[in-house]
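My questions all concern the structure below.
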């Protein structure tokens, strides 16, 4: 199909669907806790409100304080657009796009962290430190996972990598990627998105000083990232691409929902880890992905 | 040539070596050296069959230089520096003696094992030379007073001179003379330096001469 | 044509060196002209406009006829030299060394040695005679030494200089052996392809030591941090941008011309991976801005060597295409690191000059006074962190492609490629942390001292190079395929079979398209959000430090604190120097804790060894105790020993 | 007849100088003799005379291969000597000038001696004549140095004399005529009695090795070089050691002719490597930049000795190294002398930042440092590389490795000292007594020219010299 109307469609999908995910998660958490909880569309309201608010900026902050979130948001969305959607394949697949995707997320991290350093607040510095430190292990795990997928599929194109037979290591891969998802999106047990005790936060504390449209961009980018990871995880495990379109759509949905539910359940049942335990968990995820890689490499001897 | 007479002189020289090793008085050390020089000076006559002016010259020069001039010089220095005897030498007198004696025996043994021309086979030239050289080294290494070391150096030179006598006919006497001259001048220079040191440090104890070091 | 350009460059450099003794302006013009000529020559050959240049002259130097050649590989490095050289020249024109030290000869000396360094670097690149290679190699080391110690009244500077000199000489000695063995094996000093002489393969290990030491290969990098940190800005730029690349050049050159042992690829790739990881970890924990950059150079050399190692391993597999990809990546990364790191060092030099300190914890908030430096530094930092759409990513991406394909190929090379990928990935994330630290602590937040608050951007002659290099880095990132032909010819010059490295062109073109698009979208996104924010209106308020009313500069994150978390994971080999004073009593007086990074390899490996040797030396020197008697005894002992040797030998014969 | 002039002319000059009345004009004897001596030797270099086999003296290939270097070195030192002696006008220089001239005459004699005994006489003569030069400064330290030089050197001389006798007896025992010219000994070749020959070799190697300053017989060197004026150090390090080295070369050729080359080479190799290692260890620790030069000289003597052990190619390289090393060392000694006078001391504990008090001499000294540590474009780089190649062509891998390691450690030591005294903030010390040291052209140009010569030798070694060296190698390696 021609890119002319495919690009807007995908864009719309990512931009519009993404804010739904946090809403769903919150709903599930509320349900588990037996509360009514905020409406599913809460994030949409927040974004709309923030977009209309004015900005409070520290006199120490340079224009990078505003531009950082923009760069981060664009990077995340671009990464999302690189991700193939089931049989529809990817819009601009080329060998090595998987790595581009990872480094786009790195770019987003860089921009957010830079913006967070701007106001020179001790707390935000703390958030940055934690973010970039844990990212080291998370990124390692993702690359390992991608290497496993490409070894399994014998290709470096995402659309080929994400359309495999259910490989031997899929279970390990799923576990690893899910952990990374939790870490990268600052969910429990790594971080608590709706605590207000700054000392314990990672992502939230980085955006303390942001307000108005930039904050909106940050929040929306975060939701897109969350959806991106869930879709990636689903396609990495389920052979979605092989199915006919409607079935594939259903499968995607059927795949993403459990992820979301899983996140919700984890958030409601687990407590946040102590920070010194975090690297341990992430290393476990890293090892899981490595084992998946080994199995894929030795298993699929092409 | 007169082998027995020669050996007698060499034996005398070897005895003087032991005396030099055993004597604690610097003066007697110098005296031993001068006697040894005289003995050496006499040897060319015994070695040569017929009279030759060169040989005579060498002999006389040796006698005068080694036997008279140098000891005189050293004696003067000794009196100037008021040195009577060698105090606690690095190698004690008894050990020196034993070393020297052992060395002499070893020298004789060594000389047997070395190939020698028939006319030298009978002489004590080689053992005497080796023994004297050894004595010289013991004195150089084992004594503290500069004068004793100079005497040691002289005895060393005497040993080499003894060895040189093996070649006195073969090599042109010009060479011999030159060598002799050099040795004598060398000792003169040493004597002068000893004198200078005596003035600069007003002592001849080499234990004071250890400023230059790493 | 090429010859004329090079001759002109030589003459201009020579005249410049002379003119520089008296006045700086003619020196500037001549040197810039020389670099322009070098760039022209390099580009002409590199892009294939001119054929490879090979020139044998009857003029002999040290009894050897001059033999120069400029092929794709040399051209690639020559262009790098010209670019960084030109930037450094302009920068040096304004860089006031004499304000640091009281000897006023320094600037003139600097100009002289600078031209010498440029000349000898170029000489090494273009000559094809072992003897002359050694001459150029040794002389550029000496020139670099005198440039490092320009500010020689400072003790730290002299120490760094001596360490550099000593370490380099160790490498040079290995190269002495290398070239002498080569010459005695081939019977001539002339260099050239000898790929069939398989008995020469073991020589590679000597080359690896010699060139690796110069390149700052990980365990041999001990001289690098202090030298780069203590040299003037433009000197560090040239050292890190070009001089250490000469080691890479040497490795490429002789791994391409000579056969290499079967295990060479594995070793190079392993050392590269090790260096990549260790280098960036050391960089992250530094507190001195220029030391941080220096360690980052160690990391990037590691990345380049990973690429080279893959290229050496490729022949193991039926289709070596992936090796060529990795090689192209390594070459591209050589350029990128050369230019970006030069940019960063020039920026760091500007900061150090404006504020008088290199301690990141004492800096901060410089963006207001030094906007140009901040922006250009940001560009360099992002490129070094390997972020799209900049050049750093393009190079690393190619290497990734190569390694991934190696793994996908399920060949034995996968055992090496997999870990290398992991090292690259971890290093990438660590580099991001490193440069957030550098940029954030130095340029953002509150100025931490009045001097820092008053710091201003340097003058035009120092700003110009910064801007030019930043633009260059961005261009390399946006249109990397522009470099593809040079890469192809360089790889072709490396080994003919690698000619097919044009394989790197298509992916680069794709990436370029993506980069351009991304850049455009980023720009658009930025503009949109900026205008929206302006439209909504901005009110200034104090940093909301969680309600803390008076955020003071004492509350900033310090360099040590920033890297504390990750540093904690690697204490076992970082082994920092810790000092801690706990608060006591109800009204505690001053309490502190500080961690100072150490150069572990130098201080825990090299220094003890040296101390051991010194102990032996002291013991031996005691034998020269001034007692004549023992001296004579030594002579006797000597005679005895010689006698024993003769006896023993006589007994045998 | 002209060759003998090389010996007689300086000796005559010495007599005249001794007779000359005025301390102010006397120093001019040095350049006068230097110029004529250099002229003569260069003339002979271009038109080599024929040498009769049995001649005791002769400007043969070996002499031709080294003597011009000594003349040039002496010429420049003599030019340096005039301003030096003027600056030291507080000292009478009658003895100094006379003995310096005598020394150069005797060195020429030693280099041209083709007779074992004559060679020994010449060496002994040089040793004794150098004594007044050593204690020119008349300080107690100088006397102590002279004393040690005399006894250690004298012992060495005695050993070499004994060795010469043994060699003579070897030929005598082999029914030789007792003719001690090297030509005759080489002719006798295998007839020489093996035990005596080997004893002779050991003694001669130890004796002349002492003069060369090979470890462990090197102990006189640091004291003598450290206390003597730089000028004297240059002559000793460039001339006296060369005489001893040439003597060893000539003796070595006799052993080669007798078929004992292998054992000779083995001993030379061991002695060379040992000296190299010991010198390197000393250099790592020494703290006095004039003693440092002495140890560096020990190191280079070791290099010469091990190069000699590497066969004809090595000997050729060694002859090349004799030139480069002597010229470079000469320059170093002269500039070190300047620095010593401007700083008042030579210990790096008291001296720093000389680059600011005596910039030109310091620049020369640092340049000399790089020259002597085998940095191009100076000659030593090329000669040492040639030695290295000789070693590798000969398959002496271990030797080459040890050689390079020794060079590396020596480099560490030398740079440590030289750069330590050259740079940094100068120490404020009370100025040295006596007239203030001024960097006039007279004391700057000679070392500069010496360095230039060393660089010129390296960059474009004149083909004539190459021929001369190979001719010398041919003469030394001739086996009937």
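Labels A, B, C and D are assigned to the chains in the order they are written; within every chain, residues are numbered from 1.
We take it that a contact is a pair of C-beta atoms (placed from the backbone, for glycine too) under 8 Å apart; a residue touches a chain by one contact, two chains touch by 3 or more.
Note that this is a predicted model, so its numbers are computed, not measured.
Which chain pair shows the largest tally of C-beta contacts?
Among the chain pairs, A-C has the highest number of C-beta contacts.
Using only Cα atoms to place each chain's centre, name the chain farthest from chain D.
A
How far is the middle of chain B from the middle of chain C, if each middle is the mean of its Cα atoms, in Å?
69
Suppose each chain is reduced to the average of its Cα coordinates; what separation in Å results between chain A and chain C?
Here the centre of chain C sits 36 Å away from the centre of chain A.
Quick one: chain C and chain D, Cα centre-to-centre, how many Å?
44
Taking the mean of the CA coordinates per chain, how far is chain B from chain D in Å?
Distance between chain centres, rounded to whole Å: 31 Å.
Mind pulling the chain C residues that touch 2 or more other chains?
Where chain C meets two or more other chains at a single residue, that happens at 621, 624, 628, 632.
Where in chain B do residues touch at least two different other chains?
Residue numbers touching two or more other chains: 140, 149, 209, 211-212, 214.
Pairwise, which chains touch?
Going through each pair of chains, those in contact are A-C, B-C, B-D, C-D.
Under the touch definition given earlier, write down the residues of chain D that touch chain C in their complex.
Spelled out, the residues of chain D in touch with chain C are 147-148, 151-152, 155-156, 159, 198, 201-203, 205-206, 209-210, 216-217, 219-220, 222, 262-263, 266-267, 270-271, 278, 281-282, 284-286, 353, 355-356, 370, 373, 375-377, 381-382, 385, 388-389, 392-393, 400-401, 404-405, 407-409, 411-412, 415-416, 419, 423-425, 458-461.
Tell me, which parts of chain C touch chain B in their complex?
Residues of chain C touching chain B: 621-622, 624-630, 632-633, 636.
Residues of chain B touching chain C in their complex?
90, 137, 140-144, 149, 206-207, 209-214
Can you list the residues on chain D that touch chain B in the complex?
115, 117-118, 120-121, 124-125, 128, 131, 135, 140-141, 143-148, 150-151, 154-155, 157-158, 161-162, 165-166, 168-169, 172-173, 177-178, 180, 193, 195-196, 222-223, 226-227, 282, 285-286, 291
What residues on chain C touch chain D, complex-wise?
Residue positions touching the partner: 60-63, 103, 131, 134-135, 138-139, 142, 149, 152-153, 155, 158, 161-162, 165-166, 169-170, 173, 176-177, 180-181, 183-184, 613-614, 616-618, 620-621, 624, 628, 631-632, 634-635, 637-639, 641-643, 645-646, 649-650, 653.
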